[in-house]
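Below you'll find a set of structures to go through.
Okay, so chain A shows up in both of these, paired with chain B first and chain C after.
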Partner chain A sequence: MSGTQQTVAIGRGYAATRSVSRAWFGGVHGADYVWAIAFALPYAAIFLFFVIYPICFGLWMGSSPALYAELFSDPRYLTTVVNTLLYVVIGVNLKMFLAFMLSGFFIRKRWWNKALLVVFILPWATPALPAYMSIHWFLNGQWGMLNSALYEFFNFDGPVYLNERWTGLGANIGAYVWKTTPFWTVILLAGRMSVPQELYEAASVDGATGLHRFVHVTLPLMANLYLVCTLLDMVFALGDFNSTFFVSGGGPAMSTEVLATLGIRYAFTLAVPNLGVAAVMSALPLLIPLVILLMRKLRMSEGQL
Partner chain B sequence: MTKISRRAVLGGGVGLAAAGTLARPYIANAQAKTATVWQNQGFVRAEDEAFKTTVEDYQKASGNRIDLSVMPFMALGQKAVSALTSGDVPDLMFFDAPSYILPQNAWNDKLIDVSDVVEPYKDKMSASALLNSTFYNHATKKRSIYLVPIKQAATPFHYWGDLVEKAGFKATDMGNTWNDVWNFFKPVQTELRKKGAQYRKIYGIGLQITTVGPNDGNNLFSHFMIANGGQDIVTPDGKLHTDDPKVREAAIKAVEFMTGLYKDGFVPPEALSWNDADDNNAYHEKLFVMDFDGTLSPELAWISHEKEYYQEMRVAALPLMNDGKTQMPCQVGAGGGFIPKGAKNVEVAKDFMKYFIQPQVMGANLKSGLGRWFPSTPEIVKNDPWWLDDSKDPHRKPYITEGVLQPTIAQYLGFNPAWGQVNAEQIWGQCHADVIKNGMTPAAAVDKGFKRAEAIFAKVTFD
Partner chain C sequence: MSATTVRSGRLHSKLHYRLQRYGVEAACMLLGFAIFVWSLTPIYNMWLIALSDHSAVFSGALYPETPTWEAFRVVVTQDFWYLQRFWHQFGNSFIVGLSVMFLTLSVGSLASFTVGRMRLRQGWLLTNAALMTYVIPASFLAIPIYRIMNIYGLGNHLSSVILALTTFATPYAIFIFSQYGKSIPMELDESARIDGANPLQIYFRIYLPLMAPALVAVGTYALLLAWNEYLYNFLLLSTPQSMTVAVALAQFLNSDESPWNFMMATAIIYSIPPIVLYYGFRRYMAAGLTMGGVKG
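So, the complex of A and B:
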């Protein structure tokens, strides 16, 4: 081996060692490394205790195949799965569409827009429990505000909304949309505000009017953010318990139950928490692909809106 | 700036760990005579004050210490289930309504047997209190006592006396049997609605014919079963008797009568979707005249409204069964203390309950709670005129009469954990919905409900 070759080989070996070292130590050595570890340790411990441990404990609680046999033999389970899918797909998409449209409204520069935005955010800022319980009473067929108003103004007795599956499920979805639309509107509003004005100006110079500017500038630039928000909200909606529990209570006859409320019912009404965990775990085949897709989307959309 | 070396950081860490390890036995020793107790918050403040007084008196008498945590009813229920699942438990849980937690956990051998605490008072206790405290343990293959029963609760009728009178009726017109009482409120509604627009939507009966629950609808159905002679649907040996023609007939009569009241327009249509709080809220708003609900909570919640509490609200005890001859028994629930396995100081927990179960302590504690709960030992009521004195409180006497002096039976939950699932699935509410919404006959709806109950019970075997 010539001297040059030897130098190259040594160089390669050194480079390989260095890259391994970089992977392990991040280029930090000595006292700096110890300090880095000392600072990272509390976060790692918190992550282990409050994230990894509960997840593993949950997986362990719901690990027995007998639990799933029992779950699938429950006549309510299939209805619950269908309800959960409807809740997530309709609730999230309706909300994100509304939030996207409303963000377009709130970005307009009018003097009263900011004041209106403050009022608009109130449902999101209101604590969930009293808000959903108010909706439950608002919809009461006999004495609720909605039917009382219908009778007062139109001399018409409205239906008993929470006595029917579809109106009950609609009420749950509507309440969830009402409660959380303001949050996503603000997120999408922030996204719209980040779109460089120069692009709109350039489009205007090219003769683009309102609809064209929306289709060719706003939509492409907001698409990633919209998708990420939708995926993220689907993950939230899958685990949402409050709306169903406090608006329809899962009724009538458990026909509007979703997986989160069924799980809580098993855990705390029946006092069989393992079955409750299994009910929630059965959403994993939907949840895991959503999270993977979300992570991929977040990685791909680096540097974009 | 002083530079801290890696050795110093690691050394410090090891030192801290060692100090923690060495310090632990000292803390444990310091708590050797301390029991951690979780208690659910009372419905009225006086209940919490009474519990604190009992704890203070015990601490003085024994020299032990009670580390008491008071939390809302729902929160304690959830915390108790979580604690029993994870094993991170207190020494004692004192819960007003543990009947949905205990059967499953006794079955899974997660509770300490407290027979030795209850034994000295067993003969004086009501039979229903004892049954409500006895559960099957699948590990030991026998039934034993896992709850120290201190308090019991019954379900009386609550009604607005002023509305009954406004409709032109008197309480004495109510009739003697179970169905008579319910029927009494039909003309009350009819007459009230003639009194003006403000009564346009008033209903006579707040029947919890609910498919949502979790508790009121099941409790109501059980009482309809009892009134119609079907109280043996589940027997203390844990067996389900849906094949008994008497039980089936009682269930059909119950469903027929309840759905009839609903279909005839005497029950708010929303009742099919009520939760356990909805009837209370609507009752307080005088949106219907009569409610059948557990304890004196509808009245005590309004104790500060003097006019309503003393002059307008009324409580009535259970009448005769529908046979017109037999006094109808009330199905009562029990509350008290239970000790989870894994408790660090079982000795003090048991000692505290031995103190609490003494008649004079139990009586004083429950009197302070304004009589919402009555003692599991009937002689306390018989020996103290306060319980039946209606000169100062119009509601206590009929309530205590129903729960202590009249016959009572235990809840089915303790007989077999499967009943808990029957309740959680709201099978009886579903029967009513099948008749009202799906056009089934009461017999077909009952048979469908019974079939599901049988499937649930079949999963639980006592061998």
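So, the complex of A and C:
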């Protein structure tokens, strides 16, 4: 029993039998072949000009070994690598766990649960830029709302969050969690809803309650989806530029940068584009296994995401 | 004697059960309240600043003591030097968003038609290309794409952003379309073939009309992606004439004493179209997401 069987397709289920299409096109030839190629051409062109060419161009820009020597001698780079790992490993897993738990909360059928879901989606619907700018000001040590509230209610003077590496990094991760948890909660919620009700009924006939139902029905059926979502979000988090750039701005003294922002910083603030490409390319040892794993996982579900 | 103990025992367990249920309900309410505060605080903060005047921004008040729409007036009438071309830039954002949407829908649906309906033998190449693009972080390609756009002579032109963002939106479109396309019976295409339709006619007369829900979902996705994107907008568009609202908004951060109330008012106006769009098409989006996401 794999998750593949619980598609939440909104159309009628239809199994396109392969033999039918074979009989029709017989492997596509003649005029049809020309049409098929013509239809595929726009995407092929886009892929060639804006994916393949940039990748080759980037590989060429970052091909000199001297760049990597320079990179590794930069202490800011090492800080950045640690930050990126923390961001990707802690940030993503924390969020996915949170989203998984929250999807269990939102599956309840109370009216206020449904109303709350509408509010809960708002961080995801809000564009990243305004949201992160607001969080940046919210955390301002002197005038920010957080410290004002802490002082007002608890008479406590909060720290200057964005002036220190760990609180700054925590703020970036927190902002990213705030922004993206709703999205993954909705995905996991849909996953939970697609678990056939009969399984729960069968389980309760066998005397399973609460925790047992969760461990023996929900968990095994959701495991694959959960894994795919986690991997996918790791890739997204690795490439996330906005939260770091707008919440902490990479500061203080470039101590909260991640690879995505450091590359841009090198290339456009310090005007050494090749070093920027090298910084980004140094993420490949992490990115390539993720991509291979993901592509295999996604292709296993018939080439669809 | 024994009857009363039984009854009291039953009463007791009933009470216990009820207490437990109330306890769960209360815990859920508490969690709900926490989610409410957590979700809305940054958004409340945005409004708080936008409705304050200059001095109130730096007072650390928790609610606007003398709320004023002044900041919104300044933005709408372009009464500040960062905002001199605000409506023009708003228009630019719309042009970029709509073009990315249109290109993504056409390129994506054509590609998925070839792979899914015509069963081109080399179709897997296309699918894998899309899959690969989907899992490469866009920000990692920013530097080479910036260089390449200059080589193509598209620097500082809206079309550079449109093309770059179409590149990153199309893979998702191809997945959703080929997924959704499976629910459309092949027999329809076949009978059209027998009546003498060519692939182009099948695409326009059968494929596209039946794909309408998926087109809406992906169109919304592409429009939101383009409207909300920052990095490529920022790198590829730098003059006030060519920039989009996202870039204009981030410009506020360049100066040291940025007028935060103007900035937040701009941010709110910029957020309204995507939020309206998102909530308006939420049903389609959710359908699209589940189609795309819940195929573990």
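One rule holds in what follows: the second predicted complex is superposed on the first by the 272 of 305 C-alpha atoms of A that agree within 3 Å, B and C clash if a C-alpha of one lies under 4 Å from a C-alpha of the other, contacts with A are read in each partner's own complex, and residues count from 1 in each chain.
Quick note on the criterion: a contact is a pair of C-beta atoms (placed from the backbone, for glycine too) under 8 Å apart; a residue touches a chain by one contact, two chains touch by 3 or more.
What you see is a predicted model; the values in this text were computed from it and never measured.
Q: After the match on chain A, would you call chain B and chain C a fit or a clash?
A: On the superposed model, which is not a single observed complex, chain B and chain C clash.
Q: If you tally the residues of chain A touched by each partner, is the higher count for chain B or for chain C?
A: The partner with more contacted residues on chain A is C.
Q: With the two structures laid over each other on chain A, which partner does A:N163 touch: chain B (first), chain C (second), both, or neither?
A: first
Q: Under the stated touch criterion, which partner chain does A:I173 make contact with: chain B (first), chain C (second), both, or neither?
A: Neither: A:I173 stays clear of chain B and chain C.
Q: Check the residue A:A267 against both partner chains and state whether it touches chain B (first), chain C (second), both, or neither.
A: Both partners, chain B and chain C.
Q: Is A:V217 contacted by the first partner chain B, the second partner chain C, both or neither?
A: Neither partner.
Q: Is A:L122 touching anything from chain B or chain C once the two structures are fitted on A? First, second, both or neither.
A: It touches chain C, and chain B stays clear.
Q: Which partner chains sit in contact with A:W143 here, chain B, chain C, both or neither? Use first/second/both/neither.
A: both
Q: Quick one: is A:M61 in contact with chain B, with chain C, with both, or with neither? Answer first, second, both or neither.
A: both
Q: Could you say whether A:P75 touches chain B, chain C, both of them, or neither, answering first, second, both or neither?
A: In the superposition, A:P75 contacts chain B only.
Q: Overlap the chain B and chain C contact sets on chain A and report the shared residues.
A: Touching chain B in the first complex and chain C in the second, residues 31, 35, 57, 61, 137, 142-143, 249, 267-268, 273 of chain A appear in both lists.
Q: Within their complex, state which residues of chain A touch chain C.
A: Listed in rising order, the residues of chain A that touch chain C are 2-4, 6-14, 16-17, 20-21, 24-25, 27-28, 31-33, 35-37, 39-40, 42-44, 46-47, 49-51, 53-55, 57-58, 61, 102, 105, 108, 110, 112-113, 116, 118-131, 133-135, 137-138, 142-145, 147-149, 151-152, 178, 182-183, 186-187, 190-191, 194, 222, 224-229, 232, 235-236, 238-242, 245-246, 249, 260, 263-264, 267-268, 273, 276-277, 280, 283, 287, 290-291, 294-295, 298-299, 301-305.
Q: Going by the contact rule at the top, pick out the chain C residues touching chain A in the complex.
A: Answer in residue numbers: 28, 31-32, 35-36, 38-43, 45-46, 48-49, 57-62, 106-108, 110-111, 113-115, 118-121, 123-124, 126-148, 152, 163-164, 166-167, 170, 172, 174-176, 178-180, 182-187, 189-190, 193, 198-200, 203, 213, 227-228, 230-231, 235, 246, 249-250, 253, 260, 263-264, 267-268, 270-271, 274-275, 278-279, 282, 286-287, 289-296.
Q: Within their complex, state which residues of chain A touch chain B.
A: 30-31, 34-35, 38, 57, 61, 70, 74-76, 137, 140-143, 160, 162-163, 168, 248-254, 265-274
Q: For chain B, which residues are in contact with chain A within the complex?
A: Within the complex, chain B contacts chain A at residues 3-6, 9-10, 77-78, 81-82, 85-86, 100-101, 104-105, 201, 203, 210-214, 268-270, 272-273, 275, 281-282, 285, 287, 420-421, 424-426, 429-430, 433, 437, 452, 459.
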